[in-house]
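Each of the next two complexes has chain A plus one other chain: chain B in the first, chain C in the second.
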Partner chain A sequence: MSVYFGLAIALLAGAPQEDKDRTSWTISAEWVYTAAGDAIEGGLVTVSDGKIRSVSSGDGGQLQCFAVTPGLVDLSVRIDRGWNAVEQSREVTPEMRVVQALDWFDEGWMREARSGVTTAMVNVSDRNVVGGMSVVVKTAGASPQARTVKADSVLYGAIGSAPSSSNHPAYGRPDDFYSRRPTTRMGVEWEWRKAFYDAALAQRDKSKQVAGTTELQKVLAGEFPLMIQAWTTQDIRTAVFLKEELEREGLGAPRLIVDAAAEAWREPDLLVRTKTPVVLPPFAPQGRTGEGSFFALETAAQLDAKGLLVALSGHGARQVSQRLAYQPGYAMRGGMTFDAALKTVTINPARMVGVDRRVGSLESGKDADLVLWSGKPFELSSAVIGVLVDGRLILDPRQANK
Partner chain B sequence: MLTWILGLGGVVAAVPVQASDDHGAQASFAVRAQHLRLFGNEVVHDGVLVVENGKVRYAGDAKRAGEIGHDVIEHDGWLSAGLVACRSYSGTRGDTLEGKRPLTAEARIADVVALDHVDFERALAAGITTMVIAPSAANVVSGATAVVKTHGASFVSREAHLALSFSDSALRFNRYPTSYMAALGELENALARPSGVWKRVADGKLPVLLDAGSRDEIQRAVRFAKDHKLQGALSRAPWAGELADDVKQSGLAVIAGPFDVGTAERSLASVVALAKAGVPLAFGVDAPWNSEEGLRLSAAMCMRAGLDGRTAWESLTSTAAAVAGAGTRVGKLVSGYDADFVLWSGDPLDLTSRVVAVYVDGQRAFGGAE
Partner chain C sequence: MNVFTASTRAAAIAIGALLLSANAAADGKLAIKAGKVVQGPGMPEIDKGVILIENGRIAAIGADVKVPWDATVIDAPKLVAFPGFVEAHSARGMDRPNENIDPAAFLSVRDSIDPVNFYFEDSLRWGITTINIQQGNNCVIAGQGMVVRPMGITIDEMTVKTVSGVKLSATPKAGMSAATQAQALRKAFGDLQRYLEQLVQEKKDGNDRARREALFQGRDLEGENAKGRAMEGSAWKVAGLELIPRGEIDEKQVPLLALVEGKLPAFFYCGRPMDVHRALEVARDNGFLARTTLVISPACYKAADVIAEAGVPVVLEGPVVFTETDPLTGAETEIFVPGELKKKNVRFALSSANTTTESLWFQAAQCVGRGMTKTDAVASVTTIPAEILGLGKQVGSLEVGKAGNVLLFSGEPLSVTSWVEKVVIEGKEAYDRSKDVRVKHLMAGKAPANTQAMGGSASAEKKVVCCEGEDPAEHAKHLEAEAKKKDKGEGEDK
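On to the complex of A and B.
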């Protein structure tokens, strides 16, 4: 396996063979954007054994480029085995662990890595109401063990029409997986509340314990975040009201993160009053995006100005223009500063899921996940010309500089 | 040597191959062949096989055989151990899957195998004397495999492996589970508190067959076997060779194939890589859906891709027997083993060679009359 990964890395990056396993480098750039404090003009990043050792002024690095940023962090990557990665025999499956259905060989990993995404959270498909436990991984590395940053990082699910859209009541031949609940948005909301109330009930009465109860109880206890996909205003309301109701009833305090919150701009105070972190989907032409929602360019800037923790994501989008590396540019077009935009794809998402001690900024001791840019990051005219994951060269900037 | 041949001469002349039907029932006899393909890659010219009461007493150089003391059949060709096919559905009439229950650990394919089914005639015609009959891989846990002789209506084992599936073929849209996660969760649960068949698996008394397709499935299967220290084999696993080091570390064997002319180079290269890493190899035939002749063809295709003849031959015989859990009974022509052997027109690894006659437990089971 390690042979395979090594081979893939060497082939794809065109890195010289002797650099294949090398994890110590010096990288110099006209600008080093750390996502932790001010940018350094004329900066040098020293990497040893896969970790960042120092970030300072300097030049003459072994790898050189115009700008360096931390590796990008995408909390909504969809590299999975499709229908085989979601348990559709039930609609509430909190105990399902994405890490157990991951295809570490998928070519999508390398596509993500080469476009600058070095840390990715993979979530269960939105086909289920409560899908299961997400996993945070590196997009490249020697083995599944080495690549796993955080298994069971959040409990993921969906509110909206996605979990119910294809379902129907049992009629005709009910011999298929679509003859199941819920069949309406109302039913989706009901499933969420029932799942949590049942889990709370099982706290007192162990006989009510079923598969997944433990995970829901841990969400109520705030052990890990609850991430809910909610595109439209109504669905964002439902997610926030669910959290508030559970708190009001004294059942617990879920740490809610709203994913794909395209219409978060309509009622931001809802999110502000609950201090809910928000993951935004990729910006779309004319603003039209998932489940009929309208996503304004100003959303990221507006939520950031209100003090919310905001992250951008690729949300599994296939189009190159919707990849994460381009998203901060759109956010800036909507009024965000460069520094704030940088954070929405690095340290903010890392903080949301609790992996910021390892990734998300260029600081001594953190994983050496770096993106090397040909020009100012996130500009359409700039390219990702180099990528390091844990100090390993995935994309070699020396090829681009030739 | 000359004296020895002269000594036998009269007997040989008196007992030609085309002898009467009761010849097959003879308890003890010998076959002298131009070439004897033995264990490993050893080929003995002018060899003799001595059969006593259905068992091999001697196989080797005719010069060193000493006094045979039995009728000798002369064979103007090659003689080898009978082939062992490690995955087949022969004799089951398709009753291999309990479709609406994903976990049928206590099911046994032995209960539905018709040992007198014509499928086994075809297996004999292809030189196969022992077969692993498996339940379908389209269940997460589909039950116990059986090992059968293709003649004589006998089971070598009624419970040889527990067949598990890590592949998407076990995930179905009309019953639980539909996902890898749930399927793996069930397997983990079964070993968390093992009982019944699972107890024997956990105790290392019953090996497992792990069906897997894509590399991520293979990776999960190997990880599962390692985590629980399971013995057995990966089944199908077309690209297992790309994870050869992992597979080797797990101690699992691989049941590859069946391969045909036109099989992707990548699948054949996988087998070669596994052999290089020292992973035990065997082949499946998946009869009756695929031809029983596909067994020998599978090995030949791998040789075309670079597999050495010795490994290829062992994959058809001794290693396959070991994977079937019958490595001390069949798969080799050595003293004490079952007298399961094939008379070939030429080298069995040469596809132009055909089966002339097949013997199982010293009984003539196929051919030999002309």
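On to the complex of A and C.
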């Protein structure tokens, strides 16, 4: 192999013009990992009009590589999370929709797409307590409409120090932006509870209805999940206790997902008790990660063994080796099996937010989102050499194979 | 207990554990029987191979090596033996990596290295057995580096090579511009030249100030130091230097003079492509180009032609993939830097100084992922760094006569799921994963009983670390046992 893959990516623009809009392909590989049932040795995937038509044994595909996996799904992709991705005039803004702030042309999309992430959920930034509604999109595609997989996928918010960081009370001359509440962690927790109790109250007394009440009521009714960023075990506890409290009080049954649950290993039983799915942040070489949390390497394996739905995330990392495509490798380093690790970046996250009918596995009828690998997936010594989103070639493996 | 004592103690415990096994085969014979022996880049693999190490050196290697009756044997039929990785340049493991004085070539990292720094323990865990410690990049001319093995609790035990070279930087240090940095580099060598010329003039004038100063400072003025020697080197010369007994030359100027005379290697940092030209110019003008290694950031691949023409090797600091952003469109292109260097025939070593994986092993694996041959990728973390350090005949591969630095991997050496199970340095067992306290902490978050490892969130540190996460009944039992121990005087705090 004389051409280096990094260069091949630069040459993508040189892919044959007629392939630009082509959405029908046959792809063969020594291994096809479907994330739905057993892997197929010597497999062929047929794609037409952007959908998977068949997955079977076979060879001689128009595109060839060592291994094929489903396109990767990242529920915490953290693209485009600048200051315009959270409304800071209030702390509780469930009615805000991050989709209104998306830059569909952000270079981050291509960065994710060419490293294998084909479906991404974008959440509001963690600077608000209850931030707003997330959206699930494809990382590539013709238009925002075509790229949207699920609008209003979850209500997203944060517990911990992020929503109160830099805030201060309005003493002296309250002339700066951060003269606002909450200023403490207990303030953050109070905001969460007040928001839900007010929403429940407004259910009985319509005059108490304000902007955002509807979204909170829908969370209580379980219409879409509630996703809370909670890095440390203390924050995970708070999120779980909030859910249990709302249930106990008869206000509803929120479907909680914990995001960035680095310390989930400390008290996994809390999560097991409430069957809470978790999204884990990128693995940290020395264990230390966001908000002073410690992320043990065995976390994913441990939670999976306890029957929890686990998803990994790349947090939009710029470094190739930190992106989602390599996170399952680190989970395997922490004792996870290959099959389980594959699911943490494909079907598990798809199931968590209810997009598994369209993406997350290689099955007939699903979207043709595929990742083509030069070697065993998730090894650092393998590279993503081809990517298809809705049957469109985003990264051409023929350049790498030359 | 404050954080400092907690971490120091953790280090002491961890290193103590490592040392327990360290002397098992000291100066004796050690035979390693491995399921597979990978000798080095481009060398044959031996199934069921035996490595016999005598007095720290590999005495025999092969499938049919007879194990002497008095050799200690490590029987590892499931493990893969591999040469220890070599770190060509690192500014870690020190009290503070940057010295604010410049030029500071008279200083040595020897006085700054902290043997119980976690970095050395991390190195063992990642299979790095030879490390060139140099001062940080935030310098003009920094001190002299040295080559160490990550083993031992004194600097003398760790020393492989007392002087590995002088560190310089072509990238402006904090608070300086490119112009002032260049000026500072020129001034250092200009000052050296003026100083030497003055010495010669004073000697000719019969002024013995330098001699009196040397005597006053108690410098050695006998033997070789009593003799004068004409200036060597290829760039500039000071006529009449043979008149000056070498012992009379100010110690502060000696290392720079050695550099100019071509007697010391140089590690020249280039953080930007533009710095490459500066570094090569300074090295050329002062006669040490032939002994220069550039320490480059990924962006410096753009200067690969210039580097190739100068014929100097490089150490690549940072990620192997560089992301180029088009200033007009914002579009990003990923450049595989070692691939670019290889194309231009630049000899390169990788470095674990990167924020992504912090290991040589994963850096090499990524190179394979990007299409580089395993031979080239492995060479860039073993034999090439060894050659850069002038230790090409000592370390970097498993061959007869070389140091017995052997890693035992749990699986394929470049796989993300493999672990370094054991490390042997010069025939001594330096690391055993089953006894590694901190790896357990990194894996499970919990430290084994009766140890204290770093890590854990602020909230967790308030808990009883010894049995955190266990159920209250277990905790109570533990506290009881601890109390009994204290009664018998076995407490940890005696």
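Note that the second predicted complex is superposed on the first by the 381 of 402 C-alpha atoms of A that agree within 3 Å, B and C clash if a C-alpha of one lies under 4 Å from a C-alpha of the other, contacts with A are read in each partner's own complex, and residues count from 1 in each chain.
By definition in this document, contacts are C-beta pairs under 8 Å (C-beta built on N, C-alpha and C of every residue); 3 or more make two chains touch, one makes a residue touch a chain.
Because the structure is a prediction, the values reported are computed rather than measured.
*Asks:* After the overlay on chain A, what do you see for chain B versus chain C, clash or fit?
*Replies:* They fit: once the shared chain is superposed, the two partners occupy separate space.
*Asks:* Examine A:Trp104 and indicate which partner it touches, taking first as chain B and second as chain C; both and neither are also allowed.
*Replies:* first
*Asks:* With chain A at the apex, figure out the C-alpha centre angle toward chain B and chain C and round it to a multiple of 10 degrees.
*Replies:* Vertex chain A, arms to chain B and chain C: 100 degrees.
*Asks:* Taking the superposition on A as described, I'd like to know which of chain B and chain C A:Gln286 touches: first, second, both or neither.
*Replies:* Touch status of A:Gln286: second partner only.
*Asks:* For A:Gly132, using the defined touch cut-off, is the partner it touches chain B, chain C, both, or neither? Pick first, second, both or neither.
*Replies:* The first partner, chain B, only.
*Asks:* A:Glu95 contacts which: chain B (first), chain C (second), both, neither?
*Replies:* first
*Asks:* So in the superposed three-chain picture, is A:Ser207 touching just chain B, just chain C, both, or none of them (first/second/both/neither)?
*Replies:* The answer is neither, since A:Ser207 touches no partner chain.
*Asks:* Contacts for A:Pro144 in the overlay, against chain B (first) and chain C (second): which applies, first, second, both or neither?
*Replies:* first
*Asks:* Taking the superposition as given, does A:Val86 touch the first partner, chain B, the second, chain C, both, or neither?
*Replies:* A:Val86 sits against chain B, while chain C stays out of touch.
*Asks:* According to the contact criterion defined above, which of chain B and chain C contacts more residues of chain A?
*Replies:* Answer, by number of touched residues of chain A: C.
*Asks:* With both complexes placed on chain A, how many Å separate the closest C-alpha atoms of chain B and chain C?
*Replies:* Taking the overlay as described at the top, chain B lies 8 Å from chain C at its nearest C-alpha.
*Asks:* What is the shared patch of chain A, the residues that chain B and chain C both contact?
*Replies:* On chain A, the overlap between the chain B and chain C contacts is residues 1, 3-4.
*Asks:* Show which residues of chain C lie in contact with chain A when the two form their complex.
*Replies:* Interface residues on the chain C side: 319, 321, 323, 325, 330-337, 339-340, 355-359, 362, 365-366, 368-372, 414-417, 419, 441-446, 455-460, 468-469.
*Asks:* Applying the document's contact rule, which stretches of chain B touch chain A when the two form their complex?
*Replies:* Residue list for chain B touching chain A: 168, 171, 173-182, 184-185, 214-216, 219-220, 242-246.
*Asks:* Enumerate the contact residues on chain A facing chain B in the complex.
*Replies:* Against chain B, the touching part of chain A is residues 1-4, 81, 83-90, 93, 95-98, 100-106, 132, 144, 175-177.
*Asks:* Which residues of chain A touch chain C in the complex?
*Replies:* Interface residues on the chain A side: 1, 3-7, 9-10, 107, 110-111, 114, 232-234, 263, 265-267, 285-288, 291-294, 296-299, 302, 318-322, 326, 329-330, 332-335, 374-375, 378-383, 400.
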